[in-house]
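Shared chain: chain A. Partners: chain B in the first complex, chain C in the second.
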Partner chain A sequence: MRSSVIIFPGSNCDRDMDVALKKFGFKNQMVWHNDQSIPKSDLIVLPGGFSYGDYLRCGSIASKSKIIKSVIDFANSGGLVLGICNGFQILTETGLLNGILQQNKFLNFICSNVYVKVKDKQNKYFKDLKKDLLELHIAHNEGNYFCSDDELKSLEDNSQIAVTYCGVDGTENEATNPNGAIKNIAGIFNKNKNVLGMMPHPERMIDKYLSGEDGSLFFKNILDNFK
Partner chain B sequence: MKIKVIVTLKNGVLDPQGKAIQQTLNGMNFGNVEDVRQGKYFEIEVKEKDEKKAKSLVDDMCKKLLANLVIEDYKIV
Partner chain C sequence: MEVTEAVAIEHGLKKEEFSKICELLKRIPNLTELAIFSAMWNEHCSYKSSRKHLKKMHTKGKEVIQGPGENAGVIDIGDDDAIVFKIESHNHPSFIEPYQGAATGVGGIMRDVFTMGARPIANLNSIHFGSPQHKKTRNLLRGVVKGIGGYGNCIGVPTIAGQTTFDESYNGNILVNAMTLGLVNKNKIFYSKAAGLDKPVIYVGSKTGRDGIHGASMASATFDDKIEEKKPTVQVGDPFTEKLLLEACLELMADNSIIAIQDMGAAGLTSSSVEMASKGNLGIELNLSEVPCREEKMTPYEIMLSESQERMLIVLEKGKEEHAKKIFDKWNLDFAVIGKTTNSKKIELIFDSKKVAEIPIDLLAENAPIYDRPWKKTKLPQKLKFDKDEFKSLKLSDCLKKILSNSNISDKKWIWDQYDHTVMGDTIQKPGGDAGVVRVHGTNKAVAASVDSSALYCFSHPLTGGKQIVCESYRNLISVGAKPIAITNCLNFGNPEKEKNMGEFVECVEGISEASKYLDFPVVSGNVSFYNETKDKGIKPTPTIGGVGLIPDYQQMLTMDFKTEGNLVYVIGKTDGHLDQSIFARELLNEKKGPPPTVNLFNEKNIGETVLELSRKNLIMSCHDVSLGGILTAVSKMCIKGKKGIKINTLKGLTNKYEYFFGEDQARYIIEIPKDSLKKVNDILNKYSVHFDELGTVNGQSIEYKDDINLPIEELADAHKYWLKKYMDS
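Let's turn to the complex of A and B:
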């Protein structure tokens, strides 16, 4: 499976993502934001970081960069596009995903491990995933997902909510919501479920000695579903 | 021609920074501050002499980049 990771000025999880993808057998390439086109890919990843220093709004400047037109065309033709953290923010700013990531409710930068519940498995990312809860890592200042009531209803009706923050036992409530996101939303799909944006970093959970391995399950699952 | 734009969060959208500023002001004995909303202010120099045309250009900029209409309103002043 061929993948491309887009690098924006200020991206800082691009190389972690490269390491993770290659570890599980993706043929990954790095693509600079100012390039005209993306090499032939089965998966495009927008990595975490602080593209353009988070100027104006997180992800807003990156969402107008030269490469984005190719990303949008790829997504609209059904290609898999994964945005992690800042990548999720960029995807909402392009309009590929609904809503927006606002500043965390308590104005703090959060860096911690969290549990997320997989809410939908009828898609190429989570289909046949053995676990329902994943322990992943978050590190963000703007992860407070917000959308209009109509958009929320449409996300729920179409099963577009991908993952939600929860406790170790799966409880979803205010206590297990780190950043104030509505309905504890940590990640969503577009309507066709080929575009996934999420705040947690699976690429930081791929080593049993350093972190945990639930991120490994995530990447292996994408590969398994591609075969 | 210089066009000025103010972008603010829509009513009803949580503004945690505004809230923190309000609480700080209250703590500084500005007890009569009931609410603070924080926003952004832009001065845009447009190469255009016709004010109407300049404003219509800036309006387009607001919709496409300067404001995110999911949570923000803009006002050209």
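Let's turn to the complex of A and C:
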């Protein structure tokens, strides 16, 4: 499976994503934001970081960068686009995903392990995933997902909510919501479910010496579904 | 403006220093030249009060590639890999403007490291605040933590460990010390020594603005009521630009275009150009009209003194200008040829086609003043005679809970949750352990790092205190299974013009030096911060040690959490029950006098090496050093982290339980041993004649000691974990 990771000035999880993708067998290449086109890919990843310093608003300048048109075209033609953390913020700024990511409820950056519940498996990311709960890792200042009532209803009606923050036992409530996101939302799909944006970083959870290993399941599952 | 003695004094120079400048120059300097002298001759850049004593530091060792004197120290960790590291203070600016002060402290130290060609792989920090009751403390802490996080998180370098303390002596002078480790191929290290004539001098990075002018002089003076007015001397950080600068510099460093490179830190363009020329024994000519400026009509004076951040000065090979410019253009950074190296041995500045300054380099560097300041020795305080009958009214379990929730012992998760500690995907020991550990990317090796200081011990007896912190750093590294290799130090002291403060400095340095020599734990970089004093009140002497160690196989890393029910727990090293200067004495007896615990370097080394051997042979499952708060505090942390209890054995003979459990004797560790390793462990301990006590067995969900203690781990954890969060929310 061929993947491309886009590097924006200020991206800082690009290498981590490259390492993770290659570890599980993706043929990955790095693509510079100023390039006109993306090499032939089955998956495009927008990595975490602080693209363009996140000045103005997180992800907003990146959403106007040269390469983005190719990403949008690729997504509209049904290609898999995955945005992690800053990548999720960029995807909402491009309009590929609904809603926005506001500053965390407690106004602090949070770096911590979290549990998320997989809400939908009818898609190429989570289909046949053996677990319903994943332990992942967040590190963000603006991960507080918000959208209008209509958008929320539409997300729910179309099963576009991908993952939600929860406790180790699956409880979803205020106590298990690290950043104040509406309905504990940690990640969402577009209507066709080929575009996925999520705040947690699976690439930081890929061996037992790190914070955990559930990120491995996520990547392997994408590969398995591709075969 | 005419330069007079009064103008010189306004620039922070002393009367005698101004006469000396006139004498050396054989004329009165113009204002720009005066500014250059003031920037180079202040304490921060010249080390004029400390240099004489710093020479005594132990700086050699077989792993040392570069000792003090460069942008950072470098050690060899095998297979052509080297670690570049340094710690630096940003105390004065952080008190005036906590967010930007702390942020630019982090930015500055990272630049020191990547200037040498290394990619930063870990950040640490040691931060010290006034009493929690002081009205400024909460806001300063919040600002500093946000500043450190804001900068480090954006760059994408994990913050893996740190230290936070509270003491009223920091009420008017907080301390912010930032440390960075970087990884470099040992054959591709870049230095700041210029070489060759007529080589282009290149300016890269951000534009020069009017921020930070006089920053280095501000950092070389004490504070008074008007410190708020000094806000404009604090620099403003832009981590995004630094990230671009990091990537661009590393890209240019991939080939041989760079002859020398130096970041523009304190005293900006002045200090970087003078240092590069001085080290290369060359002259340098700069055309200031070519310097990219952020603001209009900046004068040579302002350009030379600006401390705008995220800038570098490079001496390039001739003909490589276009190649280099392409890289900086790609990263959207300013690039300008602003001068050349010369054989004049002078710094010559041109502005608007006119020469505006001309100073022989040696007057600024080697001929800068050096002071042998008078200092006073601190006598070892008399050991206290505690009334042990008085202890009996204190319940052990109450004492323990009180100590665990003490501001200096309690958990600092509220802080490190705000630092990205996992980016780069190699953090295998997060903050909260004895040391942070990151893997050397793509290898089996891992590097451990810890920051430590013990102001209370150093205040009581600087010589012992100086030794103790080096030992504490050594122990923290061994506790995670790392072989200690070298240290960097940040020497935070009061006013060196006062004999007592100067004496504290001299004796702490002596202590550090003695211990580092004995332990073969050399000092490879560091920084001195004097004048941490407000309205005549100085801080307690606070030398901070940043230790770095190596774990050859990261699977052998140790953590402190108890692992398995039924395992035995030993205290390694002898406990005499030294209570003077302990948390127990301060918190429960309100007793602040007495000497710090004695440091026995033979024991430190012998016991440390023994514990390291146990870990290399995979005989122990967890390890934690015993420090502040003594055995019971240490063992509680192991229980809380491992979510497991311990049943403590009855103490032998006439041992006083308060002294045993809370004494702060040095050279001790607690280890967890699986039963089937017990014989081998005992054999090794006996072979090296290491004293040990069988403390107890990992058991259940409570700490139990006879009828005295029966505390569920959850209750202990509550006492330990929430003090800081509650304090910050209140």
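The rule we apply is simple: the second predicted complex is superposed on the first by the 227 of 227 C-alpha atoms of A that agree within 3 Å, B and C clash if a C-alpha of one lies under 4 Å from a C-alpha of the other, contacts with A are read in each partner's own complex, and residues count from 1 in each chain.
The rule we apply is simple: a residue touches a chain if its C-beta (ideal position, glycine included) is under 8 Å from a C-beta of that chain, and two chains touch if they have at least 3 such contacts.
In this text, all values refer to a predicted model and were calculated from it rather than measured experimentally.
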Next item on the list: Of the two partners chain B and chain C, indicate the one touching more residues belonging to chain A.
Entry: C
Next item on the list: Give one of first, second, both or neither to describe whether A:79 is in contact with chain B, with chain C, with both, or with none.
Entry: neither
Check: Touch check for A:56: first (chain B), second (chain C), both, or neither?
Finding: first
Next item on the list: With the two complexes superposed on chain A, say which partner A:203 touches: chain B (first), chain C (second), both, or neither.
Entry: second
Next item on the list: Classify the contacts of A:167 with the two partner chains as first (chain B alone), second (chain C alone), both, or neither.
Entry: neither
Next item on the list: Figure out whether A:15 sits in contact with chain B (first) or chain C (second), or with both, or with neither.
Entry: second
Margin query: So in the superposed three-chain picture, is A:212 touching just chain B, just chain C, both, or none of them (first/second/both/neither)?
Written below: neither
Checklist line | Shared contact residues on chain A - chain B and chain C | finding: none
Check: In their shared complex, at which residues does chain A touch chain C?
Finding: 9-10, 12-13, 15-16, 19-20, 48-50, 52-55, 108-112, 137, 139, 141, 201, 203-204, 206, 209-211
Notebook entry, point to check: Inside the complex, what are the residues of chain B that reach chain A?
Noted result: 13-14, 16-17, 20, 65-66, 68, 70-71
Margin query: If we count contacts the way the header does, which residues on chain C are in touch with chain A in the complex?
Written below: 146, 149-150, 153-156, 238-241, 243-244, 331-332, 416-428, 430, 439, 554-555, 557
Checklist line | chain A to chain B touching residues, read off their complex | finding: 56-57, 60, 64, 92-93, 99-100, 102-107, 146-148, 180
